[in-house]
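Chain naming follows the written order as A, B, C, D, E and F, and within any one chain the residues start at number 1.
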Amino acid sequence: MNEKVKEFREYRAAMNEKILAADNKVMKRIFNLDTNTYMEGALSTKVKEMLGLVSSMVLRCDDCIKYHLEKCQEQGVTTDEMMEIFAVANLVGGTIVIPHTRRAIEYWEIINQEA
Amino acid sequence: MNEKVKEFREYRAAMNEKILAADNKVMKRIFNLDTNTYMEGALSTKVKEMLGLVSSMVLRCDDCIKYHLEKCQEQGVTTDEMMEIFAVANLVGGTIVIPHTRRAIEYWEIINQEA
Amino acid sequence: MNEKVKEFREYRAAMNEKILAADNKVMKRIFNLDTNTYMEGALSTKVKEMLGLVSSMVLRCDDCIKYHLEKCQEQGVTTDEMMEIFAVANLVGGTIVIPHTRRAIEYWEIINQEA
Amino acid sequence: MNEKVKEFREYRAAMNEKILAADNKVMKRIFNLDTNTYMEGALSTKVKEMLGLVSSMVLRCDDCIKYHLEKCQEQGVTTDEMMEIFAVANLVGGTIVIPHTRRAIEYWEIINQEA
Amino acid sequence: MNEKVKEFREYRAAMNEKILAADNKVMKRIFNLDTNTYMEGALSTKVKEMLGLVSSMVLRCDDCIKYHLEKCQEQGVTTDEMMEIFAVANLVGGTIVIPHTRRAIEYWEIINQEA
Amino acid sequence: MNEKVKEFREYRAAMNEKILAADNKVMKRIFNLDTNTYMEGALSTKVKEMLGLVSSMVLRCDDCIKYHLEKCQEQGVTTDEMMEIFAVANLVGGTIVIPHTRRAIEYWEIINQEA
């Protein structure tokens, strides 16, 4: 597995474990909700993951972006579709989103090569 | 037409006109891009409008939310689908999004009664 | 009851009801969590409400600020303590927080006169 | 004086007075710094007010925008210059800044007619 | 001393020195205010540091979070209390705060092991 | 060339190329606008770059800050002027901007030594 992907996933898993181990009820429920929100419903998981991604881009959180890029890739989002998500994010959020888009396109390429 | 809808649309149109009349090339191009971004492409206009809406919600801009609610309604987004967009926005953006969700559900109801 | 307080509370209650009536599981759980988070725990409700207030101030959400001002008042926060919360918010969040502080001090005065 | 300008200035002055009367040392120093920052220095007050305005626009604070529009007008900023500030704000900050630009152009017109 | 803590503190100290050496009066006063704001007053330093921390979390600034984690640790904040601060931050600020919470819990563990 | 400058520029150039190669019309126009916005106009390029910098600081984007620091340096902005831009950013945006100011002063020193 690519080093960047591996590092991201391992740190994420290890720290999530620490957070859950601290046994705070609110934190645990937030983690639980985070899983439920993206399940199939009136909207497909694919659309919801795109919604999660664009939100993460305009709020400019690189780790959240990576996570949703992985989920979008699993859901079969194509590169042309991805570029249109990037376009909405950069239009609505402004050029301040460009550096995050650079890191996003790099990670998108990596996870598509892995697949 | 409902007074809230009428007021929102008229102020928006009048001020957009003033901005365009000032004839600044960058501002005109941004307005132009704003139209092009949501056109049918690899993603449907419906999906893109949902992306625009969720971005507006997490960035907490009431006027942008109203605008995309109208567009989503034109694209046939149902109330169940809308509630799932609200859910993603409130999960990712936090409870700070709730007051905007209150105003969104009010406006969503109004424009659906108008339709 | 003061008109500003009445209007804020009534709109809030009416729209919360609409949101809950739409019966989206994620939204309902977020509302539920919102109540649980501020309950007595390792930290007192008083401290948690102050944490909720300062977060609302630096994120600049007037309705959230009003809500936590009411809760802080119920918890016996004094005006001197409140001013120190305002100070942290304006220092960390910058002068962009000042207009929200103006509206906060007005509302704080009103709810203290009501009490 | 135009009603919108009058209302903005009076509320601002009255609430600033309340904040200062509460006699919190940190708040008073922040207000004091707010005055000093925009004084003539290596950069002119005109340039600094433009910096204050563009910051207020990308952070999307309408009252801060109004305040700096007034200061820019006092410093002789022209409408063509103002449109270029709006352009930078809308490019960097994204279309989420457009609704604030609508309110800004309205206020800019009013204060220029007053002058 | 742990490498992460050492690196953070040394870079912070070295750059603060550069900023102060540039001898800009406003920057110096902001640094000065930053110290005064958290002093004992109507609220204890402990509560104020918790307010500073939660503000840093919802505004998502990792360096500010580290700084206030250190101060909270000095003030005797327990891990159970810390988890409740994290809970408020993640509820109000949304899941976008989770990656910062991961880095926070790692740093919190390190500085508690050092102590 | 300094390693930090080299790394920043090379990654930026390589990823911009990838984004443009993906051939999304909206993204290409946003990049194009980004160039046009800062051209000489009613305001000088120097002033516009300062506006771009202060916006990047209050929105807290390190890569955007680096980019505009380079452009400001090319436009002859002095260190005294730069400190006053930093002062506006830290006043308006709050102490949350300080960590970005630390990285900014480090980069500013590097690019001035290169020059």
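We take it that a contact is a pair of C-beta atoms (placed from the backbone, for glycine too) under 8 Å apart; a residue touches a chain by one contact, two chains touch by 3 or more.
In this text the structure is predicted, and so the values were computed from the model without any measurement.
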Legend entry - Fewest hops from chain B to chain E - one hop per pair of touching chains: 1
Inset, instruction - Give a one-word verdict, same or different, on whether chain A and chain D use largely identical residue numbers at their interface, taking over half shared as same. - result: same
Legend entry - Chain located farthest away, centre of chain A as origin (C-alpha): D
Legend entry - Pair exhibiting more inter-chain C-beta contacts, D-F or B-D: D-F
Legend entry - Whole-Å separation of chain centres (CA-atom averages), chain A against chain C: 31
Legend entry - Distance between the centres, which are taken as Cα means, of chain E and chain C, whole angstrom: 23
Inset, instruction - Using mean C-alpha positions as chain centres, tell me how far chain C is from chain D in Å, no decimals. - result: 26
Inset, instruction - Specify, in ascending order, the residues of chain E that touch 2 or more different other chains. - result: 26, 30, 33-34, 37, 55-56, 58-59, 64, 80, 83-84, 87, 90-93, 95-96
Inset, instruction - Select the category (line, ring, star, complete, other) that matches the graph of chains linked by touching. - result: complete
Inset, instruction - Would you tell me which residues of chain A are touching chain C in their complex? - result: 25-26, 29-30, 33, 36-37
Legend entry - Contacting residues of chain F [partner chain D, same complex]: 33-34, 37-38, 41-43, 47-48, 50-52, 54-56, 58-59, 64, 78, 80-81, 83-85, 87-89, 91-93
Legend entry - chain D-facing residues of chain B, complex: 11-12, 15-16, 18-19, 22-24, 26-27, 30, 34, 55-56, 59, 61-64
Inset, instruction - Mind listing the chain A positions that touch chain F in their complex? - result: 60, 79-80, 83-84, 86-87, 90-91, 95-96, 98-99, 101-103, 105-106, 109
Inset, instruction - Could you pull out which chain B residues touch chain E in their complex? - result: 58, 90-97
